[in-house]
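One structure below.
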Amino acid sequence: MEEREMTMQQALNLALDQALAKDESVFLLGEDITDEAGGGIVGVTAGLSTKYGLDRVCNTPISEAAIVGAAIGAALDGRRPVAEVMIMDFIGIALDQIANHAAKMRFMTAGRTTSPITVRAAVLSGMGTGATHSQSLEGWFMGIPGLKVVMPSSPADAKGLLTTAIFDDDPVLFIETVKLLGTKGMVPVDEYSIPFGQANIVRPGTDVTIVTYGRGVPESVAAAAELEAEGISVEVVDLRTLLPLDTQTIVESVGRTRRAVVVTYSVRFGGPSAEIAATINEHLFGELAAPVARVGAQFTPIPPASVLEAAHFPDPQRIADAVRRTVGAPSTVGS
Amino acid sequence: MAATKTASARAVPTEADQKRMFELMVIMKLTDDRLAKGISSGEFLAIYWPHRGQEAIPAALGAVLRPSDHLVTTYRGLHDHIGKGVPVSAIFAELLGKETAPGKGKGGTLHLSYPEVGSMLSTGIVGAGVPVGVGLALSAKQQGLDRVTATMFGDGASNTGSFHESLNMAAVLNVPVVFVCQNNLYGEKTPVEETMKVATVAERSAAYGMPGVRVDGNDPDELFGVLSEAVDRARSGGGPSLVECMTFRFRGHSFGDNMKYIPPEQLAAAQEKDPVPAYARRLVDAGICTGDEIADIEAAATATVDAAVTEAMAAPAPSPDHLRDHVYADDRGMPA
Amino acid sequence: MEEREMTMQQALNLALDQALAKDESVFLLGEDITDEAGGGIVGVTAGLSTKYGLDRVCNTPISEAAIVGAAIGAALDGRRPVAEVMIMDFIGIALDQIANHAAKMRFMTAGRTTSPITVRAAVLSGMGTGATHSQSLEGWFMGIPGLKVVMPSSPADAKGLLTTAIFDDDPVLFIETVKLLGTKGMVPVDEYSIPFGQANIVRPGTDVTIVTYGRGVPESVAAAAELEAEGISVEVVDLRTLLPLDTQTIVESVGRTRRAVVVTYSVRFGGPSAEIAATINEHLFGELAAPVARVGAQFTPIPPASVLEAAHFPDPQRIADAVRRTVGAPSTVGS
Amino acid sequence: MAATKTASARAVPTEADQKRMFELMVIMKLTDDRLAKGISSGEFLAIYWPHRGQEAIPAALGAVLRPSDHLVTTYRGLHDHIGKGVPVSAIFAELLGKETAPGKGKGGTLHLSYPEVGSMLSTGIVGAGVPVGVGLALSAKQQGLDRVTATMFGDGASNTGSFHESLNMAAVLNVPVVFVCQNNLYGEKTPVEETMKVATVAERSAAYGMPGVRVDGNDPDELFGVLSEAVDRARSGGGPSLVECMTFRFRGHSFGDNMKYIPPEQLAAAQEKDPVPAYARRLVDAGICTGDEIADIEAAATATVDAAVTEAMAAPAPSPDHLRDHVYADDRGMPA
């Protein structure tokens, strides 16, 4: 398939463009997403309202609950709505619709009705925007049966996974990391999709496995490069989707390296890394050479001052330190 | 004030419409009566939110809407489903949690849906169905269909943020939806005067630049006219409107409610205006039905409800083996 | 201290009564909580509006976001509001206020403003009320820095912990399990409080530790009694609070028994048991005789039909089976 | 319609009030100008949502409110804070994330609070501050204090569910709050006509049985009268009201906004009505200030802002060691 280099922002835009072109039941709904309104705060929907019209790209009032609720209603009628919650920190306002309606619809009606919506939400971490505009809240959604949760780390994944999300028959929360939108990569130009639940080994290694996703991927790859120089071979697994979780790839990789470090930009305590670590321990009890380490955001709200924000979030140094501790840890099962 | 406006020339139900409305009202009433009896006697293990007293509203809506139109309602929506054409047998099966229920024991009273006849959603979250109705209407508009969505909710729901966001969005997007408020004067056990300072829910439509009207929820003919006007407006591209129907819950909030909080005289006055016998009298007085025809309709409704009960009671309970069905389109790879 | 036998519902009512009597800055805010409106759907606030007046026990419209938002505003002014979200399934509507305002206030203003509110929410699990009226959603809140999360299992704990919650200087989510409201127990009559973060060993044992809370406690105790007959000695740890989490007591107990089963009525995948299991594994790596087992609700919405609901939630049998598997598991560290 | 009602005899500002309002407006304007200059030149590393053009509203409110009264505002609230008496030095320190800031680098532009002068909350969540204002007012009422809370928000916020729930609750609880909408005709880059079908935000008050009035947000004297009336009503137990102030954002949504979506003639017309020079002219024409006095006020304001910048720039950044402070009253036993 022909590939072109583009940013994640361009890849997301292309995925939306191709979905809108391919299927007239696809439409976008959200705040400030039309070209008149700037094509989205970070331009992901740029050009689409001009190309497909205001019936397919609907600008809405500031009404997150109604945006997601209306998307659900349209989906009940067979449409494939892509609703936007501008910044993930605002998603609490729509959580009732996502958790009590979208995720449960198929079950409560034994399949008579379904809600195949995609909810796009952007994470602003690491940009000095403070406590209510920087959160990675995917942990709230990982435990909602009926939902799927996606958080891509590269332009190619972003395009393939968003396409899958839009045409998936279940509701999907699709999280876009603004810090990564400018990242460039080769992306297949034509429509393609990446199945959910298939983690990607972005960097093979033999000594330790870093399990991560989203912003954690480039930061972990940076840490891995640094550790390479020290003779530590790090495998980096990009989960791509948290729900479903690709337990098989995680267990296969950690089974080989016998050491795992889970990296998230969400809080460490009570965040997504807890389920990942618990799963690893359940599958590999007695086979690990060190305790599963977890690197996550500190258990504090997110401060805007750069020095404080830097102290709150993980970074390649903190990731590398965790790897070093893990590799240095004494093995309890001979070898 | 929008709420006091009366329409120019309102649609009048034909005799066929009137008979149909009465038939529906009787089935609705007998369904509630049968549930009350069955639960009290221990025959049924079920929970429900009685609609008894509110029959005229969905009966009229049922006569006004087309089969292809959509309905969104609430936990207190069994009468609404019957008005839209949901089989009574499906309702009893759902409430009794049987394998034969539309939800196969996974929905329940709060969550009955029956898209086969356009009953798209019941929700147990107050106010949360309102934006879903907006989305159904948006879908119709996007597809150029002349389909209308009617969304039912209560007086208390009009205080939720969801109501506000939804009516505003419906007005801005100009979608074919009719917001039908069944104002029964209480939200759970709190009287409406305690939760809003305005005299009517209807006048709230003004905040969205949308017509709003209050109507006697006990008068099927009046309701037919007012609802027809709102439905026709929506169908012809005139946009959304709000219709407030004044009514009362004869059996309180949820079945078993002691109704201590309801002044006896208020309840008595409401029961005086019981829409079902009142409409029977009107049809007879107007020579539209004979007393025998009324009796036949009641007998037929009783037979329908009895048959539904018999069928539901005989139906098997769902098998635990099916618990994990219908969580996802494809369960492979999903957590246990 | 004088004790009297009472139900959890009476104990909660007494805690509210004594708090209202003790401190005029305490007030209640919620739907249908006045005596005119039945004193709450399950009677927890019965008698209080009559005793303290409608200024101290405020009935509100159906407006969860405004109920919690108004509580926060009053708290900013030094009041100690107790806001009620009638049923926990509705809490999504108020989540933005809880997560973005209440929990972050102290931090964002460096202590200049605080939000010492208590949000009471009831869980209806196991009562046939279905997918939107039966959820145990405490997992969403465990990962919110600035918040505290409490879920009592006995009348005495309910009274002591609710008192602590109301007078705590941080926002507290207090979860009441309706299935347990009728449970009777001896309760100190006078005002007293139980500190947060102190788990309670409700049943000592030597072979295995069950870590649980709320409804999981009586069900686990029932399982323990059954296992006793089989010669398996089970210790049951009631966490009482999930945030803070009493890691010390958990690690001390599991360190002794070397086997752990975590029981929750929340979903197993992506629920609170993940953090608890991950914490145990971090502290006791190499010292466990069996993998940490987790018993939770199935990863499905909650069905109302009794047979299906019974299959969805844990029960003493399922808990006992998990314990048997854990005890029977081969030890990887000799002994 | 409530919005068109005009009051019997409205309060008129004294000359002292007028001078005070002008002084505040100048400080607000220069603060925004200085931020714009400093960020453009790279001198400041900060984000903010410019209030330039909206100065008259908080200036009048500042003259009307008592120091003991409370204010709730938004991310676009630096002018509101100045009107309430927050030191400009605190504002620059907060935006630059310094250790000396009220939030010690943990709040930021979106979250500035300064309870010392009654500035109780800034929120970055649109609409979310409105119920908080209701709670502050409820607290005053419960304590029998004659304190008023003023809650600032924008036109777009009036479409949120939070706005609806809050105004309704305030009306029902009859608490002393004034809802002040700064209608600048845009929410981010979307014009108000696209997000509501009603002509004014003010008329939405009717849905809550609350007075609502629209006023020229560029006229401090007019604002003084209208806001005084609403504040006095609240203070005297007359309950909440909604005041919609018509204004414009000269620098767009957030600093750096290219404003492509704003018709040039609309912006030009708004700048024509720039409230700051206009009020200077009025004060001079009315003989309340001489040209020299105006110049003195501007010089004093410049000095204040310059001093604030110097102080903030000299202040140390917060130490990462303090990251975990202020998460809980007592951090012991809490997660890392």
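First chain written, first letter: the chains are A, B, C and D, and each begins at residue 1.
Here, contacts are C-beta pairs under 8 Å (C-beta built on N, C-alpha and C of every residue); 3 or more make two chains touch, one makes a residue touch a chain.
Keep in mind the model is a prediction, meaning the values are calculated, not measured.
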Report summary line: Larger contact count among A-B and A-D belongs to A-B
Query - Remotest chain, chain C as reference, centres from CA atoms - result: D
Report summary line: Cα centre of chain A to Cα centre of chain B, whole Å, reads 40
Report task. Between chain A and chain C, tell me the centre distance in angstrom, where each centre is the average of that chain's C-alpha atoms. Result -> 30
Report task. Provide the C-alpha centroid distance between chain B and chain D, rounded to the nearest whole angstrom. Result -> 45
**Report entry** Between chain D and chain A, distance of the C-alpha-averaged centres to the nearest whole Å
**Finding:** 36
Query raised in the report: Which chain A residues reach two or more other chains?
Result: 60-61, 63, 65-66, 89-90, 93, 96, 100, 104, 107-108, 130-132, 145-146, 243, 269-270, 299-301, 303
**Report entry** Junction residues of chain B, two or more chains touched
**Finding:** 106-108, 111, 123, 125, 159-162, 165, 168, 172, 194-196, 327, 334-335
Query raised in the report: Which residues of chain C touch chain A in their complex?
Result: 65, 89-90, 92-93, 95-96, 98-100, 103-104, 107-108, 130-132, 139-140, 142-146, 243, 266-267, 269-275, 277-278, 281-282, 285-286, 288, 290-292, 294, 299-301, 303, 332-333
Requested in this report: In the complex, go through chain B and note every residue touching chain C.
Outcome: 45, 47, 97-98, 105-111, 123-127, 156-157, 159-162, 187-190, 194-196, 260-261, 317-320, 322-324, 327, 334-336
Query raised in the report: Residues of chain B touching chain D in their complex?
Result: 159-165, 168, 171-172, 194-198, 203-204, 206-210
Report task. Show which residues of chain A lie in contact with chain D when the two form their complex. Result -> 31-32, 36-38, 41, 59-63, 65-66, 89-90, 93, 128-133, 268-270, 298-301, 303-308, 310-312
Report task. Report the residues of chain B in contact with chain A in the complex, numbered from low to high. Result -> 70, 72, 101-104, 106-108, 111, 113-116, 120-121, 123, 125, 128, 130-142, 149, 161-162, 165-166, 168-169, 172-173, 325-330, 333-335
